[in-house]
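What follows is a pair of complexes built around chain A, which joins chain B in one and chain C in the other.
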Partner chain A sequence: MKVFLGDLVLIQGSIMKKDDRSRINCIFENFVTFLRKCTFCVLSVGPIPEHIAYIMDGNRRYAKKQNLIEGTGHRVGFLALMSMLKYCYEMGVRYVTIYAFSIDNFKRRPEEVQSLMDLMQEKIEGLMEEESIVNRYGVRVHFLGNLKLLSEPVRLAAERAMVATANNSKAVLSICVAYNSTNEIVHAVEKACEEKWEEISLLNASGSGYGLIGLECIEKDEGENLIKLIDIEKHMYVSVAPDPDILIRTSGETRLSNFLLWQSAYCYLYSTPVLWPEIGFRHLLWAILNFQRNHFYLEKKRKQL
Partner chain B sequence: MKSYKALNLGKLRYLAIVVGSEEAYQTSKVIELLQWLEAIGVKHVCLYDMEGVLKRSKEAILEKMSNTTVFQEADENDKLLDQKHMMLEFVSFSDGKEAVAKAANLLFAKYLTSNNSSEDQEGEIFTEPHMTEALRAVGSGGPEPDLLLVYGPARCHQGFPAWRIRYTEIVHMGSLKSMRYGSLIKAIYKFTMVRQNYGK
Partner chain C sequence: MLFSLSLSISPTTLTSSPRFKFHSCPHVLPPTPKPPPPRLRASSQAHHVILHDNGTVAGAGAPVEENILPAGLRRESMPRHVALVMDGNRRWARIRGLPVGSGYEAGVRSLRSVVELCCKLGIRVLSVFAFSSENWFRPQAEVEFLMELFERGMRDEMGSLLRENIRISVIGDSSKLSRSLQELITRTEETTKTNCGLQLIVAVSYSGQYDIVQACQKIALKVKDGLIEPNDINESLIKQELETNCTEFPYPDLLIRTSGELRISNFLLWQLAYTELFFAQSLWPDFGEVEFLEALQAFQQRQRRYGGRDF
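This part shows the complex of A and B:
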């Protein structure tokens, strides 16, 4: 934390030059960061969420409202995302999950889908650069969803980003693309079944009788359920993070749109009318304050079952 | 209140109510809420609380409510069109994740059969429609609510079956103790004004 009062006194007396203007901007930015960190200190007296999830709704509405060409709303939305990530990681939130692209979004016009894919590829590649937020805060990036539905260049960029950040361990960013909850649940069930089948086959091959008995019981509807809840849960895409503490949706919509339905049983659902590209620090602050107000009750519920 | 009189309930085919389990013991309040819903004209209501307190109070509730029937899976298609009765469904936490585990075992049985018969049907077993069917078979099917009202301290769906709330509007109503008829009407009215894109 540097003291800039000396600088301010100097500037008062001198003529305003371009250099001075950018210095003032720098000082102002540092001051704002300082205020923000003070706010976080005060907030930390109460519980800080470990995991925040975002449904980034309102990019198209923003573009319309500001009379921008289509697609620009998402670009501004990306800048908003970078700011929000910065605030979250500064505050000590370890896990952030975002709903970047739903399987339902493939229903949009092909040109719109393509432009979103191009934007995603561009931004994924940007994430891997030296000065990106991911390296600054030691963030490990995951791309979660049915990645096979993505076009190859995007999928490869995503895989490269996951490999490049695999050693980062301070925080986690889960980007849900080609994702929705019902698809995730079916996928997890499928993987659990395949795993169980392999287990049984191995037991059969090793000569132990368990495997055969299990099979017969299943076929006669008599046996205990071989697939347990825990087998399914470990194959959920979002199992790289604990369940979210807050789920923030912008643009005032009150539905989850098939996002984190399984993981949000005890999650505080926060809906704010602001459009995603317009979201800022004060909205996050308000969401956290509301979370803190309800935290005790929700923790109690979580421990009950 | 007068401007809400012209409520178009066409969009509200299925309404769900989530109640905090401590508040669910206030059966008289729950019955009052159901009576309001009946007066408004809501025909299909799903009552949910985590621990199943409402399930246990089912008899007491049905006794006080004339003209209501309990939702039966088999009659789903018929009864959904029958407008004379109000239909009630009682759901708890075990109808969510645990039901999916049970349904998974049904799908596993099919998977084993297909593996044994050496037909490659894997891609056809693990699909969303089959999961829906399997959930129905284990007794946790049930339509997707259009609107979900949460009566409790926090806006949280408390484990309402994930499979059924994909596009459900979730509204927080405050505590059951301080519920008001006006707030209920307002919430339903606001719901009728919402427009969904379903991802498009």
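This part shows the complex of A and C:
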């Protein structure tokens, strides 16, 4: 059993000093990283997904399972997230989207919500530090959702993070917070209608609306010409990234829970029974292998058509 | 690990008296006979569906009595609305060296059997993804075959639909369908609209994104006509304009997709927000009572939290 106690590590009853631990850990990490990169080379013979989305489920169950105090599950979950991001960016996955906090999660107990908000603020501020993963891999961070629902400190931290990483261009991390898909679609429709309405008003005001006046007389096509799929899509929060190739949900649940409903129309849905804080490299590897197998099958199917 | 929930349940069955006549198809080999499922325990009461003189059915849509539910299924946890993506018909035919059409015809038989099961289990709504917007890109001959199959099926099953008190609703972009099919759909919907048993929603020329876009277009018209402001737009308004507004229960509790494919393929996107997804390995023509009951049992074991309460 390994227990981290500040700078000391208790390994199977013997205590090692910090320096020895650092050296051994460093060698071990380098070796593991080398093996991982070899694995990615092999994997890259097949298609690598451009965009992976994660529903990070199972933090509370993990805490209960490990007899941890409430909230610790999410902290361990954050560490798991950092690892998964590292693996994704090393592999060449350009876009990662995570379901950090749903609008539905506001229904939880106020203490739990507050604790999650505090954790988020702490970790967002951590992302801005120089040695953080976003700077190491050149990741631009977006916070997507109805941010007005967040408390001011969290919202401000999120806005600062977006500004601070705006020039990063190697990869994108979309953190969905105060988000759900139906809310996103409503927002997109509202914006699309406002935009169209402004366009029509401007054209009418400038006297060049004759084409649209003509349009008003054509009852049948009226609706179709007003709003198109593309008008809605461009106002989606998640339009900063292409549609996900894989959507991974942990903890064994097999549902979307109002996440990326529009964008996951053709996405490969992968559910794994592992709890989010326990997710590791092998789970991602397995998900990618299955994605690749399915991708080949779909290509074959398309050719048969 | 790929998930496909394969739970073993003690084999049970419902009374088996086929209500739908089977089309004869010279191309289809007789299916491999499955072992007859064991009968249910005899119940002490006889449960009948009472047909009134005016054609309505007493207790239609009302729960089936507990002691004739297959073992392991709980009445109170039965999904009200089940959605189906009936995938695997072409693969089924290819494996058997049969023409693709045979796969679809075998699929129709599977659908009949699932519809019958839903009626008996008291499921209120069954939505099936018969033909997606993307399917128009399939070979012309295949598309024509499917349209003809659909038209023939609807015409021939009218009697059964009335007997079984099934209400038919068709959703999708009907403008792409032939005039005769559009008229048939209108007639069928009209004739069955007072039926209060199972509501069978058939999605033809449909996609989830199309549904949301057409709802938005209707809302945009209302905005243009000054009936509502853009900031009046909310989830309830969109829900009312979606094509699933034809039913009291527009959101499926359970979606089953066959053939092992792990994707939604643009079916009912908005409506699937909290739907439990079940991916069955069987190809659709092989999906029968056992597989359906397995899916229902898996559904009943799920914990649905809706993002809120503790587990």
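Structure notes:
The definition used in the following text is that the second predicted complex is superposed on the first by the 259 of 305 C-alpha atoms of A that agree within 3 Å, B and C clash if a C-alpha of one lies under 4 Å from a C-alpha of the other, contacts with A are read in each partner's own complex, and residues count from 1 in each chain.
Quick note on the criterion: a contact is a pair of C-beta atoms (placed from the backbone, for glycine too) under 8 Å apart; a residue touches a chain by one contact, two chains touch by 3 or more.
Note that the structure is predicted; figures quoted are calculated from it, not measured.
When both complexes are superposed on chain A, chain B and chain C occupy overlapping space and clash. When both complexes are overlaid on chain A, the residue A:272 reaches chain C alone and has no touch with chain B. By the touch criterion defined above, A:193 lies against chain B and chain C together after alignment on the C-alpha atoms of chain A. In the superposition on chain A, A:61 contacts chain C only, with no contact to chain B.
Once the two complexes are laid over each other on the shared chain, residue contacts for A:108 go to chain B and to chain C alike. With both structures placed on the common chain, the touch criterion links A:257 to chain B and to chain C. In the superposition on chain A, contact of A:185 is made with both chain B and chain C. Look at A:229: by the touch rule set out above, it reaches both chain B and chain C. Chain A residues in contact with chain B (one complex) as well as with chain C (other complex) are 102-105, 107-108, 180-183, 185-186, 189-190, 192-193, 196-197, 226-229, 232, 253-258, 261-262, 264-271, 294, 305. Taken in their complex, chain A has these residues touching chain B: 102-108, 180-183, 185-187, 189-190, 192-193, 196-197, 215, 218-219, 221, 225-229, 232, 253-258, 261-262, 264-271, 294, 297-298, 301, 304-305. Within the complex, the chain A residues that touch chain C are 60-61, 64, 102-105, 107-108, 180-183, 185-186, 189-194, 196-197, 200, 222-224, 226-229, 232, 252-258, 261-262, 264-273, 286, 290, 294, 305.
Of all residues in chain B, only 20-21, 50-51, 93, 96-98, 100-105, 107-109, 111-113, 115, 122, 125-128, 131, 152-159, 162-163, 165-171, 194, 196, 198-200 touch chain A in the complex they form. By the touch criterion stated above, chain C contacts chain A in their complex at residues 1-3, 5, 137-139, 207-209, 212-214, 216-221, 223-224, 230-231, 233-235, 238, 261-266, 269-270, 272-279, 302-304, 306-311.
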